[in-house]
Every structure is written in C-alpha cells, then in structure tokens.
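Working notes for the structure below.
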Amino acid sequence: MSKFTIEEFNEIAREQLPLVETLGFVVESIDQGECVVRAVYKDDYLRPGGTISGPIMMALADFAMWGAIMSKADRVKMALTTNLNINFLLRPQPGDIIAVAKLMKLGKRLAVGSVELFGNERNDLVAHVTCTYSLPPSTIHEGEGS
Amino acid sequence: MSKFTIEEFNEIAREQLPLVETLGFVVESIDQGECVVRAVYKDDYLRPGGTISGPIMMALADFAMWGAIMSKADRVKMALTTNLNINFLLRPQPGDIIAVAKLMKLGKRLAVGSVELFGNERNDLVAHVTCTYSLPPSTIHEGEGS
Amino acid sequence: MSKFTIEEFNEIAREQLPLVETLGFVVESIDQGECVVRAVYKDDYLRPGGTISGPIMMALADFAMWGAIMSKADRVKMALTTNLNINFLLRPQPGDIIAVAKLMKLGKRLAVGSVELFGNERNDLVAHVTCTYSLPPSTIHEGEGS
Amino acid sequence: MSKFTIEEFNEIAREQLPLVETLGFVVESIDQGECVVRAVYKDDYLRPGGTISGPIMMALADFAMWGAIMSKADRVKMALTTNLNINFLLRPQPGDIIAVAKLMKLGKRLAVGSVELFGNERNDLVAHVTCTYSLPPSTIHEGEGS
C-alpha cells in the first residue's frame, strides 16, 4: 500500500513545489516505489525545431522520482536530488510526455531510481533518466544499506 | 573572436527559446567556447526548504552550454542535447545563480562541455554539470575528431 | 536473428579486446539488441571490504553493451563509448556478476543503452549503467534518427 | 598539509587495492583535495583501433578521486563510489594517461569530485569524469553539508 493517495500527493506537490503546477504536471499513479506523471502539453514546452524542451523533461523526471520515493518512505518531503543523468533518445513531437519512475534502491541515506519518459501516448521512449536523492536522517524507510 | 555578440545571442535566444525569457536568464559574456549566464532570482525558483529548484539549474546549465557551442560554431541553432549529468553540491540560498559553461570538445558530430553553477555571487559552487550536444551535419566547426 | 552467434562474438572479443579474456568475461546470450555477459569471479576483483571492484563492473557493462550493439549492427567493431554513467546500488559479495545490456536507441550516429548488473545469481541488482556509443559512418543500422 | 605522504598512500593502495598494482598506477602527488596519478602504459591497455581501453581510464579516475578524498579525510579507506560519469573526448594514443582529481565537495556523507584525464603528457584532455563517494559515518571531515 502506498503511503499517499494520488490526491494527497498532488496536494503536497502543489503546496511545496510551485513549479509543478506552473508546468502542468499531473500524477497518474503512485504506488510501491513506482510513480507515473503526465506533463500535459503547453506551447511553452517547445524549443527550436518544434520539439519538447529538455529542461521540461528533466523537471518531469525529477518530480516523478520524488513521487516514487514518497510512495515508500514517509517524511521525505525534504529529500534532495544529488545527481541526475539524462539521455535524450528521440525528439518528441508536440504532445504530452509521460514519466514512469521506478525506485531501484531505497537505503538509509540514498535513494536511486530510473525514469523512462515517453511521448506519443507511451509508444515512443524519448528519454531515460537515472537519479539519486539524499534522504534526511529522520526518514522512516524500508530496506537497508547506505 | 566570438561568432556572436551578447546582443545578437540574446536576440536569437528570445526568438528560439521562449523558456529562457520566462525563466529570466541573462547572458553576461559569450566568447571562445565559454559562456556565462545569470539566472536572475524569481520566487518561482524555490522548492521546499527555501532552496533553488534543481530543474531551474539544469535549464540554466543547458542554455549556457548552448551559448558556449554557438560562440565557436556557426549555424548550430539546431544542436540538441543528448546527455546531461548534474551533481548538486550545496543548497543555494534564494538569490541569483550564475552558470559558467566551457567547451571541452568540439568535434564534427558531438560537442562536450562542463558547467559550474555558482550562488552567492560566484562564491559558492552549488552544482556541476557535464553535457553533450549532437551537432547537425552542416555545422561549420573548428577542430576535428568525432 | 542476431548478426552473430555467441561463438563468433566471443572470438571477435578475444581477438580485439585482450582485457575481456584477462578479466574472465563470458557471453551467455546475444540477440536482438540484448546481450548477457557473466564475469566469472576472480580474487583480483576484490576491493577493500571484500566487495567487487567498481572498475570491473564498469568494464563488464561496457563490454555487454558493445555486444548488444553488435547484435543489431554489422561492422561496428570500431564503435566507441562516448559516455558511461554508473550507479552502484549494493555492495556485491564475492561471486559472479551478470550483466544484462539492452539497447534503447540505435540511430545513425549514436547507440544508447542501459545495463543492469546482478550479483547472487541475478537475485540482487548491484549496479545500473547507461552508456552511449558513437557509431562509425559506415555502420549498417536498423532504425533512424541521429 | 596532506593527511598522507605519497609513500604512505601508495602503501595503503597496494595493500587494499590489488588492481592498482596490476594496472600499474603510480601516484605523482596528493595534497589538499587534489591527487595526480599516472597510468604507466602497458599493452594490456589497448582496445581495437590502437587506443586506450575505457575501463582502464575509469579505474584510473576512480582511484585518483579516492586519493583526493583521502588527502582531506582520515579513516575513509572504506569510502565507496556511488556514482561515476565519464565522457570520452579524444582517443588517446598508446602512452601514459595522467589523472588529475579534484574534490568539489566534502560533506558529512558524500564527497563529489571531478577528474581530468590527459594523454600526450598532459597536452591532450582525453576524458572527463565526475564521481561521488559515500563516506562512512565515522569519517572525520572538514566542511559541512550533507
């Protein structure tokens, strides 16, 4: 069972991350170390050549991974990204981008996950992200290791 | 000598990258494979804990590196980021962030560079980025290799 | 159908990559953009604390990805790694490490893939790698894009 | 002042990291968060095309960064690499490779640094690495942050 419902999570996000609402990110599912978020297309997303801006995709991946961590660990509102690595694979056409974030490790101090970013309604893999979050000492967690 | 003046570069950026103006990025210098860009602080930049949002820093680094490439290579408006890796080092306090981007390689097909992101008026190194751009075949370039 | 059998691939590897034989890497399967390689445990692999050395895991991932590319693209013996990013998740106990490499993109100029590294006979995910290879212009390839 | 002389550091390395001696790495300087290591050329280093193998360069960078950390923090023999990202810039010709590692952050729990790898006696920048180490709780350190 997730520590948060979608509604609770969206509310926390709106409250804490003004950028999320500005950018139009909507959580589609959040459960058991996995979080799916949709970036609803806006013209602001575009960069030259009619493709979606890279920073929008990075922001989406970062947010989806935060959700994946929160689905398993309480009280990690303050979790901070320490590393993010993104590979851009295909230029997405104008349209929604969907991020599927999965935790690979939830340790005492670090959480690591990967995020696949899809365009064309989950048919095209447009980018791949791995990222690491530093967890505050007080975090209740499942699992062990560093 | 740079291929662009700051004014020409800012004009191209405004025209091609709507996000740059929205986010309040200002080019401070651009010359010989190096580009310095200032993100003028806005409240939108904040994330929980009163620190600057990671995606803002990624967007800033990506843009500064684009400038560093353009300072040496004509006709690369269509250069596309293929990889970006960021390490967050210190939580920046609310305030301007300054990106210093330097080209490490300008090949026929790929450009690779590193970006240091500073807070507190270039006194605190808050993040470090490396990124790779794919260059279109028509790009006029200096240097060789792939 | 793969462009190479395991035997042919192992022979090319032995001939071209002396390090592979030195390190004791054995290809278990290679087909359709996926390649599985086993690092048969040697005492040389160890680092302080009785865990497997990181560079051994990087070498294994790099080699497995090369196999994944060769399974789909002829004449890419000269493919060169341009970027490799590794996250270490769990300290593997002394024992074999198994790499599962999957192509995410095979373009005209770049191939990008991810590699999962397992210990404890594929029960523990010990590291995750993404890497990019630059392909020589002459490569015959499937797929499009850059 | 460094916490270790070159001789002490080389002795610890030989004792703890058998791979270092096998690969022929020699520390040239270690002081104040900076460590320079030379990989003395061996034929084993080669990969197809007569260039130096990527994994050798990764091993070299990883070791040099370990030295940079040890120069500032006692008792970190057990520091573990959590992330390493490498960009290969130029194919080095057969010959020594020199790594210059610099700490960018030494926090309570994480150390982050960058490494430049040179060929042709420090004239050619052949690769650039950033890496993160997790520090054991007992580490004595300078500086603060996470």
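To keep things simple, chains are lettered A, B, C and D as they appear, and every chain counts its residues starting from 1.
Here is the rule we go by: a contact is a pair of C-beta atoms (placed from the backbone, for glycine too) under 8 Å apart; a residue touches a chain by one contact, two chains touch by 3 or more.
Small disclaimer: the values here were computed from a predicted structure and weren't measured.
Of all chains, the one whose mean C-alpha position sits at the greatest distance from that of chain B is C. Two copies of one sequence, chain B and chain C, touch each other mainly through matching residues, since over half of the numbers at the interface are common to both. Chain centres here are Cα means. That of chain A falls 27 Å from that of chain C. Centre-to-centre separation between chain A and chain D, using Cα means, comes to 32 Å.
One finds 23 Å separating the Cα centroids of chain C and chain D.
Across the assembly, chain D contributes residues 80, 82-83, 85, 87, 91, 132 that each touch 2 or more other chains. Here chain D touches chain A in the complex through residues 80, 82-83, 85, 109-110, 132, 134, 146, going by the rule given at the top. Residues of chain C that touch chain D in their complex: 16-19, 22, 43-44, 46-49, 51, 53-56, 58-59, 62, 77-78, 80-88, 91.
Chain C meets chain A in the complex at residues 83, 85, 87, 89-91, 104-105, 112, 114, 125, 128, 130, 132, 145.
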